[in-house]
């Protein structure tokens, strides 16, 4: 297990999943790929299939319909897979706590490794979150 | 007759934005039917808004859509003001206009980048998003946030623009114009793009009327409608600017409308920053009287419409939100049918939906075996561009 | 046509169906009509007057359910809102979605969020709510109550 994790940290490939977000978190995540921030320099790559992913980025407040899809995707992820909750929505649903369509927060559905709060978190914060994730997992090896 | 194949698209795709689920029915290469299932993003905002006070609702409304985080509060505050009805101070109007136009530029740049990405022009993607950062900087200087600006409140704005910030913002706006001009020329003069996008996904004038299509989607089909001109609000009637209308209704024209609109927006922003009047920024409204109010404004994608009903308490009884994509999305029915699968990606993206579920696509044969996955479909679109380039001798 | 001409033509043509007309401001008019006449008046505004359909909004106001159909005549900047009042116990109204494409989705939305039946709707499937949402529970009704026992409303920030 730890060998797999170690290998994963060198160049984490991420898959991005929106579960009923307002888009901002998703766009700020994408922004990390564009010239000003360019997180790809560090070997992080956004991939198109969950089967290729080492890290799952989740944004949004987990609405009833997308939760079902998320569970199905979580079954398919090759483990170990790290989960990052981006934004207040994914952290605790924030302003959507009382919505009839967002019944449970993300961390009661799948285990979350790192929370990046903010509404939306700036790209700098997302990069800092990625660094913390690597440090945290690296220290357990 | 050729066999029919069903292609499910979505709901997840790695590129960005919300999940959505399309079903394309194809015969060979040609799309004959399309259906969509939404609801992956429904958060019950209209109900939530009824639980909040008029002032607090603005923050929920802002979070309907990250790219339209000005348009929704703008329409909402206008709806609340229409209950009275009342006018906001002139300085507040100017500030609202500046933020709204800044949002239009960044939203159109975002679209341009993604559209470029879909047809295999990743350079356009990177350039457009790099430019977008400059506009986000301007908005950050003015409002303190890159997105979700929290500038609006019923009766005015929350935050004033400092005189010292204005020259910095003007300089930033001027600095992006030459690059924008280069992008414009690159798109308008490129023979490959002409061949790839002209005549693709055409929506006729009559279809635009029947579907009540909005914004750039309908203006590309010759419908000369813009809420900013038709029922003026904010500071739009104070200056000269042009409404961009084209006639062909294809993907190319939709791109042209958006690109040219960015220049108009920059013009409006510059005018407002240069001529910002003095005075109050907030009318300090206390109680909202019983009654109904409607506010509609021109968002980057078309008209955003809010309806508020008040019973004299401090909460709305009913708050209806209609975003432009709600009207634009069903136009797929008119535009995608009869086109090839490799064009479906860009046509679906051309109305600038609040999501682009064009990458998580799986093509199944009638027995349910997986033939292509999502990447392949974008790949298909890119290969077509490559093929065209080769045929035309462009590199 | 000017604003006055449009309104005059409209009121004289449908005077039997119009229950009330509230001229709120230069650009806003609220017209209460009988539910039976919605098909005639709606299509007339859309096809003959050339109004653009904005949206419809349903509100639960016991003992009625109220639907407002918003149309805008852009040349004269006039927003006409047609108001119909339905019985809350059994809200039924003719579907405009058959004739006007633009109405299709909003009627689907209203029927699932408010429980209004649109007779003759070409495609009355669910639009927004999840497939496991129970039948007969309408979130935008005033008496909506939480039905999901697993829901957790405790954690804010």
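Letters A, B and C mark the chains in the order given here, with residues in each chain numbered from 1 onward.
Keep this in mind: a contact is a pair of C-beta atoms (placed from the backbone, for glycine too) under 8 Å apart; a residue touches a chain by one contact, two chains touch by 3 or more.
Worth saying up front: this structure is predicted, and the values here are computed from it rather than measured.
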item: Far-end chain from chain A, centres as C-alpha averages; value: C
item: Pair joined by the larger number of C-beta contacts - A-B, B-C; value: A-B
item: Mean-CA-position distance for chain C and chain A (Å); value: 40
item: Between chain B and chain C, centroid-to-centroid distance (C-alpha), Å; value: 25
item: Shared-contact residues (touching 2 or more other chains) in chain C; value: 129-130, 139, 144
item: Junction residues of chain B, two or more chains touched; value: 39, 42, 44, 47
item: Contacts with 2+ other chains: residues of chain A; value: 63, 65, 98, 100-101
item: Sites on chain C touched by chain B in the complex; value: 24-25, 27-28, 30, 52-55, 57, 59, 61, 68, 70, 72, 74-75, 77, 79, 81, 100-102, 104-106, 126-130, 139-140, 144
item: Residue numbers on chain A that touch chain B, as the complex places them; value: 15-31, 34-36, 46-49, 60-61, 63, 65-66, 69, 73, 95-96, 98-102, 119-120, 122
item: Footprint of chain C on chain B - complex, ascending; value: 38-39, 42, 44, 46-47, 82, 85, 209-212, 225, 230-231, 292, 294, 296, 303, 305, 307, 309, 317-318, 320, 322, 326-327, 329-330, 333
item: List of chain C residues in touch with chain A within their complex; value: 129-133, 139, 144, 146, 148, 150-153, 155-157
item: Chain B residues within the chain A interface of the complex; value: 11-19, 39-45, 47-48, 51, 59-60, 63-67, 69, 110, 125-126, 129-130, 133, 146-148, 354-355, 359-360, 373-375
